[in-house]
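Next, two complexes with subunit A in common: one pairs it with subunit B, the other with subunit C.
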Partner chain A sequence: MTAIGKDVPRKEALDKVTGAVKYNDDINEPGLLHVKMATSTCAHGIIKSIDVLSAWNVPGVRAVVTGDYLPVMTGSVIKDRPPIAINKVRYYGEPVAIVVADTEHEAQKAANSIKIEYSPLPMVKSPKEALVKGAPLVHEKLGEYKKAIDDVYPAAGTNVADHSKIRKGDMDKGWSECDVIVEGEYTMPKSDHIAMETRNVRVKIDPDGKVYVSSSTQCPHGIKDTLATVFSLNEGDIIVNAPLVGGAFGGKAPVNLEFIAYIASRAVGGRQVKLANTREEDIATSPTKIGLEAKVKLGATRDGILKALELKYFVDAGAYSDTAPRMAKTMASNGTGPYNVENVFCDALCLYTNNPYSTSFRGFGNMGHTFCMERTLDKLAVALNMSPFDLRLKNAISPGKGHTSATQVKITKSNTGDLAKCIYKINELIKLDDDLRVEVAKDKVIARGMSCIWKTSASNTDAISGAIIVFNKDGSLNLIVGVMEIGSGVKTGLAQILADKMNMEVDQIHVQMPVNTESSPKHWKTVASMSTVMAGRAVLSAADDAIRQIKDLGSIVLRVDPSQLEIGGGKVYMRSDPDNYVEFKDMVHGFKFRGGNSIGGQIIGKGTYIMENLTILDRETGKGRMGPAWTVGVQAVEVEYNTKDHTYKLVKAATVMDIGKIVNPKTAKGVVMGGMSMGLGLGSREGFLYGSNGGILNDSLRTYKVMRFGEQPDYMVEFIETPAEDGPYGARGLGEHGILGMPAALANALTRATGVELDQVPIDAELIWQLKTGGYV
Partner chain B sequence: MIPFDFDYYKPDTLLEAIDLFQDLSEQGKMPMYYGGGTEIISMARANSIYTGAVIDIKGIPECCEFGFSGSNLVIGSAITLTKIVESGLFPMLGITIGRIADHTIQGKITLGGNLAGTVIYRESVLPLLISESQVVIAGNYGTRQAPISELFDGRMRREPGELIVKLIIDSTYTNLPFFHRKTTKIDKIDYPLVTVVAMKKDDRILAGFSGLCDHPFRSIEMEDSLNEKGLTREVRIKNAMSHIPAPVQEDIHGSGNYRRFVLNNILMDVLKM
Partner chain C sequence: MMQLCGTDTIELEVNGEKRKVTVRAADTLLHTLREKLGLTGAKPGCENGDCGACTVLLDGWPIKSCLMLAAEAVGHSITTIEGLKNAPMQKAFFENWGFQCGFCTSGFIMTCHALATIHPGADDDTMADWLQSNICRCTSYEEIQNAVKQVLGKGDSSGVQGVVSMKEK
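Up next is the complex of A and B:
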């Protein structure tokens, strides 16, 4: 009867496809006030004056608020960001003042009328500029900021928010063993998440001090903790409600608009306010994806064994650090990719610039290091005159060979899976051990490129999850978890896990879709591809708890020892005689004997999970265990390139990943394909372009292009199953991974097709033309 | 969400519309004629335009004419792009405007709106320029008719309050061999890097361009160069490109030199017509 491995349709599917689902922004209550922001038109400058008089004169305006009204500093790593700018602005689009009004258009009209004068300061527009001696400082008081965690090392008097190091092995020895050394420099621009549902939140503060927040978020519990800390509130007074989320991709992991909405509600005596981003605000004001500049030096023996790797990452955090230091650290600790390299030296600098600030983005930095390493591997393959396929196979990180990660974690079958198997498998989908460039017609070339991927989580070392199971009178189960359904189908997967464990049909499992911090157990954050693993373990533990109670009660009714009982099909029965049973419906709310007297009470299963055995990384060497099991895989792209006009088409794209255990095949494939599509978008078209004033030029969907339906290649996704011993049923994370290697595989295919080294994304026909011709006609 | 209030009028006659425009102007309402609304709505939302009143022209019979009349094809300014595409009456126009914005928006954008709008590409003008269409315009004097080449110098020149009523195309142009190519930075749905629409009439190539400069145009000098028999294609294209009438655009869609490269490639194919 197992539900594991079945294509169970998502439990929320019908509501979603019929449009019946209510997302957070769909809900408007009577009396709701609206908040709009006046944002900076200066990327770096001192705020000289803010004239709010005209805003107060707009009918319907209830409050006009500037940063000094409730000055607080926020940040999940470094507390460097006021939710509304104070004294100074650090990026174009930063909130400088807010208006609360009866209607949205009145609030907007008033916000538009606020006059702000700036004394512009010189801008820092790139990591390179941030590091120049005497560069303008984005944060003059960096040394005075409070840190939210211990292992971050901002350097006062500089633009360096953090510096992560890896020192593994002996570099001199490593380089001396190399016959061939190649180098590369890479750049990836900042870009946006482009979730369909823009960020939005409602907040009200009741007279008794209770704060009600409704948000489109990946971390309802994080909102509760953070608002309590930042505004010195009692955590128990904050109640966060979070319905289904219309796309997040990391962009809804941080607390962002909630700060402003809380301040706005305070300013109007606690009345309920709504703050909903326009698309333009979601791109230019709320946090974005990090940018990256990197230098890589990689050496190998004549027969292609990697010996030494030097990585330098310069991460463009933007105006505020948010989670960017953690992503820089992730790059450092995973920068080898899934390859064994004995000697690794890495400096990852997380830098402040006057670009929009960054936060988590699908892949959490792993796409950046993957692009750099995989492009360099292709250069090495050329230098060695070896096939890129063989080079990767030869160096694939594997258990039992004494391999360790860059942070010196021992590689085991359980924590890493089987990369070689993935590589052989993808070759059946897109031929990679053959000629990778074929001229198929006049002006037409078919070319293929590949990239291996790996990722583990970079979660807190004490990240927790929990699950509660309660029963209905008909014997069906209600599952309550703190994980958010952000589109991955996680809640259906958890229902499958519970159905399997209870040995019953998955339609007998009801999962609570919204999360409410008052009643849902805490789940750290719905991030890091860890929801199925963490919440899955909590669900299994809750099921064990419920099963124990059912058997205990069953043993009284059936008059046997609990050890003689089994459960299945909504019954508890005697193993020796399955016809001797009690149905759940007759016992989960207590068992009533014939005479009327009853025992047992209602059955409530509870389960918890905490990340185990993780450590913070050593400051000098990076040694430590950052995440649980890796998920490894390989991706490939086939392009058709027009040698005359330098345009190209995406023909095929494939992914093979070792996900430990397939819980729901179709959902898993869908999630991976979605990631591949985003990755191809980043590889081919996405990225911010800035005007001379530091503002984003492509801040709307007219000009910021994402992959459209019809532009996608033929997607192929297959899985390998090498169990992670600590995952539920052996399952590994897979939510983000589809994105990781796509920019690299695309760039590798196009480099092969065009004959020019494509070491930056996005890659369009003009870039290829420029590199091939120097940009002259 | 539009952050200002405005009035909405839907007149039934041309005269009513023209009078309304004048009255509303005198009241300081800064009125605008309203077709599909895609540009007014999106620019008002972005706070790029202001109007105190819109005058919807979709109820005016003359603006909604569509079909052959004698030897002419008449297309009212309030006819949507989708309607023109689906009619198949003028394939060159249909194919050109079938690549403006996306399918959903094409159902709203009107021919008059695309010609009169502020978005600089106005690709619908290209087939109308090379088919030497006539434009009917209404004003407080009644209506007047003029060749589009006289009214269009990158934008449709009108006096304040004048309204584009309809386009009149000699039906002989609707069946001639034509060429259309729209190139974009990468996406199918995007503003053009360069769009070229060309037609062959009496063995002469006629061509219009959008995206190349900050306004769409037809250039007789460029056509003369392209049609100069006895020279190689390369030389004809080189000569034509030396007559581009305005600076080549440099923007987020592409550099000037890249646009020239793209144009060069397209013109090679135009000359194979």
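Up next is the complex of A and C:
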């Protein structure tokens, strides 16, 4: 009766197609006040004055608040960010003052009327500029900031928020063994998550000190922990409610608007306030994706065996560091891609600039290093006169060959799966071991490109998850976990895992969709593609707990040892005589004997999980175990390029990934395809454009382009199943991975099609034209 | 169209029901549906006409309710996702995994439902023409395309409640 491997529709699917599903902003209580922000129109400057008088004159205004009202510093890595600017602004769009008013339009009107004067400072607009000697400092007091974690190394008196190093092997020896060495320089701009639901939150503070937060978030428990620390509150007084989320992609992982909404509620005596981003604020004020500049040098023998790799990453964190240092570290640790390289040298600098600040984004930095390495591999293939397909196959990381990662973790079957199998498989979907560029008509070229991918999580070494199973009287059960349903179908997957373990039908499992920190067990964060793995393990352990209780009770009723009992189909029965059974419905709320006397009670199973065996990486060498198993895979793109006007069409896109165990095939495929679509968007059109004042020019969905219906290629997705020993049923993470290799595969295909090296994204007809013609007509 | 100054009470016909509602002249139809009538199926994705998350039907035609004032909708028949009952397009989205987070889904279903009703024989170009009005950030669009084709293939899209007039504009 296993539910694993079945296309079980999302538990909340009916609510979603009828419009009944409630997202955070769909729940409105009468009497709540509205918060609007006045944001900076200066990218770097000292705040000379803030004139709030006019705001107070707008009818309906209940509070006008500036940064000095409740000055706190926030940050999950370095505490470098005041939620409302104090003394200085560091990016265009930064909140400088807020207004609380009876209605949204009154709040907006008042916010618009606030006059702020700045004395502008010179801007730092790119990682390169951040590193120039004598560059303006984004944070003059960097050396004085508190660190939220130990292993981050901000350099006082510079714009360097962190420096991650990899020193593996012997570089001199490595280079001396190389017959061919290639180099490349790459850039990826900052861009936005564009979850269709913009971030929004409500907060109220009761007279007894209880703080009620309702948020569109990936991280309700993180909000609770963080608000408690930042505002010195009792953790137990903070209750965070989080309904279903309308897309997140990492953008709703950090605590962001919650700080401001809490401050706003305090300013109006604890009344409930709502702060909901407009699309423009969601892009320009809330955190974005990191930008990247990189230099890669890669060498190999004439047979194409990789021998030495030097990586230099310059990460554009923007004005505040948030999780950017962790993403830079992720790039350093995984920068080889899924290839064995004995000698690796990497410096990853995470840099402050006066661009909007960054936070986690689908892929957590892994898309960046993938782009750099995979473009370089294609250059190497050309230099070696070898097919890019063979080159990748030859160096594919694999167990049993003494391969190690850049952080010197031994590669095993369990921790990486089977990349070679993925590579052979994708060749059946899009032919890659053949001619990769074909002229099909006058002006028309078909070209293909590929990219291997890998990613493990970069979670805290002590990240936890928990699950509670509560039985209903009819024998069905409710599953309560702290994982957020952000669209990945994770809660349905967990129900499938539980149904399998309990040997029940999946429709007998009811999953609590919203998370409430008062009653849901803690799940670290719904990020890092680790939810099914972590919560899945917790669910299995909760099921074990419940099964033990059921068997104990069953053994009394059936008068046999618990070891002689089995469960299934909503019954506990004797293995030797299945007709001798007790139905769950007669026992999960206690068993009543004929005379009326009863034993047992409600069966409640609990399970917990903590990440095991992860270590902090060594500061000097990067040695250590950052995440559990990697998920490896390979992606390919086929384009049709018009040699005359330099436009191109996306024809096909394929992914083959080793996900350990397929819990729900259709959902897994959908999540991967969605990632591929986003990756193609980043490769072909997405990225911020800045005006001379440092502000984002394309801060609306009219000007910020995303993939639209009809532009999609034919998608092909296949899975390989090499179990990860520590995943539930062997499952590995897969939620983010679809995005990772798409920009690289696209750039590789287009480089081949156009004959110009495309080492930056987004790649549009104009860029190709400029590179081909030098920009002259 | 009616004239409205300040705040006034208007009558809207939504999902076959006549609803009295007090609005400001500047209130959009989206705001009114969500905040005043409790019909939160239509979503604010941009409030600028760019994403289609707020799509509802006006006399059977998809419109972006963030771009229309509530006052402009007086005298028209409005259908929101809550007004669809077992429409084939809902079933098709369900069966084809046509969504993940679901935030774009109401808007997409309304656009697709109208397409299937107005152009039951729509070809790929017409389909793309219509559906480019909506953004989905989670799916790859292929799932949505499969859902729409499933319904178009059958040429059946009954299930709208409320008055729907199909006259080409």
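Note that the second predicted complex is superposed on the first by the 777 of 777 C-alpha atoms of A that agree within 3 Å, B and C clash if a C-alpha of one lies under 4 Å from a C-alpha of the other, contacts with A are read in each partner's own complex, and residues count from 1 in each chain.
Here is the rule we use: contacts are C-beta pairs under 8 Å (C-beta built on N, C-alpha and C of every residue); 3 or more make two chains touch, one makes a residue touch a chain.
These figures come from a predicted structure and were not determined experimentally.
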item	value
Per-residue touch tally on subunit A - higher for subunit B or for subunit C	C
Contacts of A:710 with subunit B and subunit C, given as first, second, both or neither	both
First, second, both or neither for A:197, with subunit B first and subunit C second	second
Contacts of A:701 with subunit B and subunit C, given as first, second, both or neither	second
Which of subunit B and subunit C A:21 touches, first, second, both or neither	second
Touching partner for A:645 - first (subunit B), second (subunit C), both, neither	first
Touching partner for A:153 - first (subunit B), second (subunit C), both, neither	neither
Partner chain(s) touched by A:12 [first = subunit B, second = subunit C, both, neither]	second
Subunit B versus subunit C as contact partner of A:69, first or second or both or neither	neither
Which of subunit B and subunit C A:770 touches, first, second, both or neither	first
Doubly contacted subunit A residues - partners subunit C and subunit B	105, 278, 700, 702, 708, 710-711
Touch list for subunit A against partner subunit C, complex	9, 12-23, 25-26, 28, 105, 194-198, 244-249, 278-279, 486-489, 666-667, 670-671, 673-674, 676-678, 700-702, 706-712, 714-715
Touching residues (chain side subunit A, partner subunit B) in the complex	104-105, 108-109, 112, 278, 280, 644-645, 684-685, 689, 697-698, 700, 702-703, 705, 708, 710-711, 762, 764-766, 769-770, 773, 775-777
Complex contacts: residues of subunit C adjacent to subunit A	24, 26, 34-35, 39-51, 53, 80-82, 84, 90-91, 93-94, 97, 99-106, 109, 124, 127-128, 131-132, 134-145
Sites on subunit B touched by subunit A in the complex	1-4, 45-47, 185-191, 252, 254-255, 257-258, 260-262, 264-265
